[in-house]
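What follows is a pair of complexes built around chain A, which joins chain B in one and chain C in the other.
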Partner chain A sequence: MKKQGKGTYYIIIGILLLAFLLPFIPLVINSFAYNFRWPRFIPSNVTLRAFKYVFYENSNTYEAILNTLIIAISVVVIDVIIAVPAAFSLVRYEFKGKFIIKAVLFAPIIIPSFTAIMGMYVVFIRLSLTESIYGVILAHILPTLPYMLKALMVSYGTLDIALEQQAMVLGSGPISRFIYISLPHILPGIVTGASLTFLISISQYFLTFLVGGGKVITISIVMFPFISGGDNAIGSVYGLLFSSLAIINLILIDLLLKKYYKKRYFKII
Partner chain B sequence: MAKLELKNICKKYESEYTEPFLLTDIKLTIEEGEFLSILGPSGCGKTTILRIITGIIKPDSGSLFVENVDITQKPIEKRNFALVAQQPLIFPNMNVIDNVAFGLKMKGISKGERLDLAAAMLSKLGLKGLEKRFSSQLSGGEEQRVAIARALVVKPKVLLMDEPFNALHEELRINMRELLHNIHKENRVTTIFVTHFKEEANFLSDKIVSMSKGKIDEIKKL
Partner chain C sequence: MWQKSRPYILILPSLLIIGTLFFGGLILGVLQSLGFMDVEGNSHFTINAYKQLILSKDFTNSLVLTLKVALVSSVLSGVLAIVLIRLLFMLGENRKTAIFRKIFQMPMLVPHITAAYLIMLLFMKSGWLSSITYFVGITKSMDAFPIVVNDPNSLGIILTYIWKETPFIMLMIFPIMSRIQDSWLEIAQVFGARRQEFFVEVIFPLIIPTWLSSMLIVFAFTFSDFEVPYLLGETYPKFISVYSYNMYYNGQLSDRPMALAANFILAIITAMIGGLAYKLAKKGYTKEVRW
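This part shows the complex of A and B:
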């Protein structure tokens, strides 16, 4: 029985791995391929041309990586600053119009964010936030904030008020209470929200292109022309670069969470 | 350690889940070093009185005096009380010694000193050797003793206990009762102890307040 269970486990893992890795196989083949066109089934030669182009000849690549990271990290930081007090108030307090505020905050999940950006664009022009990295950062907050907020609301929802009251009675003011009691509790939520925010931010093409006006170069921006009908090999290399950013992010988050749960012997409910 | 007075405390409570609740004209004096028990059935308002004293609930009218100073408007964290609730409420992200030292840390006592004080308090409560554990690695009785240590170590003006032994089984409850009795004889911290067990109140208290339906029925000195 037990052996069989293990067998199914490996089969399921195998299927999942295959499903996850399958799209990467043509990506890898493409990135090394030379003269790989229909009706050929295998490339006629192996070449590092695309890698050379991406990492040596195109000076935009490093600027794009840097910009992508700057934007994603700034968006994460701003989202945390906005979402922590927002999630706290939405979970703890009952007030008039709470439903409307919630609906507005979570709307970007349902309504495509460029509909909102179209309107904000006029204001952005007036504030000369277009064609600037600050404008792009602001625009990226829109589609990412709901995910950060949701993750934090779940975390705050499981924080016992009595625990905070206990700290209060022991002489702890609002700031120390946040640092020693709330923050450790919501940290997994912050980490989860941050990883989602990071992933959504790096995959934005339209918002970045519209607000950045082609002046703010991110990986999505440089990658897009190549994958939409340009050079497939170069597109694939950018694709690999893009995925590695995402995967590094996920691995880092995973390590952080594992370390956190190992350090603090949390009761698993 | 201090004298605590409740003067004409009133509190109306409306909740969507329960019947409206009224706490009427509570007058109570707890002398310095006294052990006072509030006895009554559940829903009689004894926990509400305790929460009003801690400051978690604000009374509608009436005032609270410690050493003849009005503290009704004083923020919770400045009152220098300590609370042991029914649930031990051990901070899950800190180990036992950090939990016990937390109140001292909030008072700005240096690390070395507060860890010494906390360790001494832990061994007084028979918790020596558990300093590095987390709450998930403690038994119910141990957790509640950590909570008592955490409350006593700050030398509170008043120690408030809200049915602290209810979650424990019979035998352990009797042990804890005796432990608490000895600790009180030794330290003489002004204590208010809420319970619905008569024998618990009789065993521990200098004075028993019987309550029902938001009113004090009688105050009995033992």
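This part shows the complex of A and C:
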């Protein structure tokens, strides 16, 4: 009776798993298939035409990959630099106006950033931040910073204050305390926050388009004309490229975190 | 002095950026929607933009459509997430369910714009599913396949959101599940509760607040999202974000205050939903602690 019950659960979950994986199938087929048209559902022949176009013929692709990475990495670096002290302060101190400050800092999670950027547009024009990569970097800070803050706050929350006090008693200054005690402890938080930031930044289409005006070319910008009624094979290759960036990011983070915890564990023993 | 101001100084860089760029932008937007700093450099207070918006049929149609789609998407994602979590719980924790969990998280890795494209390739009239139904003999022609993409019911948009947001809601609930299981499952089993009963009696009541608050977050997100409806939406009525974007960049300069007024209404609605989600999440936390 019990076994049989589990069997049905496995069947239901298997069907749902397939449903979740289904959307990936046409993407992969479309990118490789030769002359893939309705009513074919398996390709008759395989071709690398779309890959060739994306990686050899369209010189925009490399510029787009480069820009996407420059923007995402700059945003990560800026976020880490400004979020580390802020997260420390929010976890360690009680002060007047803390609740309101927290509400302000976390507001961009729920209120869409484009509403603010559109209001800022006139100012961005005056500062010539439109159609510029700097403007795009600045705009990407808004939707990412709260996530970086959150990740770092979780990390700081588990750091025992006594460790720092011990170091202080032993005569270490605030900078060496940060480098030798806090930093190693919050490293996983930084890595997690960086990975989220990276993911959110590379996914942006609207903010990049608003500020960059189509002049700052990222993967999502290059991809758009092909997926909105363009060549499906090429659109699919861009889709694969885009998703693989996100997946590489995740695998890298996973490896880094695993390595970190192994090393830590070893040290404690 | 230093001791007292230190917390503020440490926060200052973050606060300055979010304060000027985000809230500065919101305030500037409101000011422009109220007739200040218009293109000719004139400033005169007027609530004309809001009046025009509320009286305009295009805007109310957009608002209704956006609310409807956000509501349906968030509720369906929430229900599917609970069903999946329950199924996974009934199967217990083992190597297989750990892999299942990972696979169900996969859509979260796909950017929204790509997710919309995946749904489009799968569901459009000349898409993969349509080819399969033709091959099997369910549909006799390309046109016999139902309209799912760029359709009046926004089915494509809703499907994209369900695919993307169900994993998000599951992710929010997983940590609570494991905390409850660690501390309570064995005790419950000692008293003879089966997994099924344990889920209904113990787990479900405890995850309700988090479940509701993550559904509200999904609602706020889908309500203000641009990319998915821009790609999969119908030409009329448009989603609010798309409507406001079109008015600002493709309309006349005199339309800009209206676009910014629409933005402000959008920001206010999402902010209220966010506040509600926060309250619920907090309630869930205290409920769990009390246990």
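The rule is short, and it goes like this: the second predicted complex is superposed on the first by the 239 of 269 C-alpha atoms of A that agree within 3 Å, B and C clash if a C-alpha of one lies under 4 Å from a C-alpha of the other, contacts with A are read in each partner's own complex, and residues count from 1 in each chain.
Here, a contact is a pair of C-beta atoms (placed from the backbone, for glycine too) under 8 Å apart; a residue touches a chain by one contact, two chains touch by 3 or more.
Because the structure is predicted, anything quoted here is derived from the model rather than measured.
*Asks:* Based on the superposition on chain A, does the combination of chain B and chain C result in a clash or a fit?
*Replies:* Result for chain B and chain C: fit.
*Asks:* Looking at A:I181, would you say it contacts chain B, chain C, both, or neither? Reply first, second, both or neither.
*Replies:* Only chain B is touched by A:I181; chain C is not.
*Asks:* Name the contact category of A:A83: first (chain B only), second (chain C only), both, or neither.
*Replies:* Touch status of A:A83: second partner only.
*Asks:* Once the shared chain is lined up, is A:L170 touching chain B (first), chain C (second), both, or neither of them?
*Replies:* The answer is first: A:L170 touches chain B but not chain C.
*Asks:* Using the touch definition from the top, say if A:P23 reaches chain B (first), chain C (second), both or neither.
*Replies:* second
*Asks:* Applying the touch criterion given at the start, work out whether A:L149 contacts chain B, chain C, both or neither, answering first, second, both or neither.
*Replies:* A:L149: touches chain C, not chain B.
*Asks:* Going by the contact rule set out at the top, does A:Y134 touch chain B (first), chain C (second), both, or neither?
*Replies:* Neither chain B nor chain C is touched by A:Y134.
*Asks:* For the superposed arrangement, I'd like the angle with vertex at the C-alpha centre of chain A and ends at chain B and chain C, nearest 10 degrees.
*Replies:* 110
*Asks:* Any idea whether chain B or chain C touches more of chain A?
*Replies:* The partner making contact with more of chain A's residues is C.
*Asks:* Looking at A:N232, would you say it contacts chain B, chain C, both, or neither? Reply first, second, both or neither.
*Replies:* Only chain C; A:N232 stays clear of chain B.
*Asks:* After lining up the shared chain so the two structures overlap, which partner does A:F51 touch, if you call chain B first and chain C second: first, second, both or neither?
*Replies:* It touches nothing on chain B or chain C.
*Asks:* Compute the least Cα distance separating chain B from chain C in the superposition and give it as a whole number of Å.
*Replies:* Between chain B and chain C, the minimum C-alpha distance equals 11 Å.
*Asks:* Find the residues of chain A that appear in the contact set with chain B and again in the contact set with chain C.
*Replies:* none
*Asks:* What part of chain B is in contact with chain A in the complex they form?
*Replies:* Going by the criterion above, the answer is residues 54-56, 76-83, 85, 87, 89, 91-94, 102-103, 106-107, 134-137, 150, 154.
*Asks:* Which part of chain C faces chain A closely enough to touch in the complex?
*Replies:* 6-8, 10-11, 13-15, 17-19, 21-30, 32, 37, 84, 87-88, 90-91, 100, 103-104, 106-107, 109-115, 117-122, 125-128, 130-132, 134-135, 142, 163, 217, 220, 224-227, 230-231, 241, 244-245, 248, 259-260, 263-264, 266-267, 270-271, 273-274, 277
*Asks:* Within their complex, state which residues of chain A touch chain B.
*Replies:* 160, 162-163, 165-173, 176, 180-181, 184-185, 264-267
*Asks:* Applying the document's contact rule, which stretches of chain A touch chain C when the two form their complex?
*Replies:* 6, 9-10, 12-13, 16-17, 20-27, 29-30, 37-41, 81-83, 85-86, 88-90, 92-93, 95, 98, 101, 104-105, 107-123, 138-139, 141-142, 145, 149, 199, 202-203, 205-206, 210, 220, 223-224, 227-228, 232, 235-236, 239, 242-243, 246-247, 250
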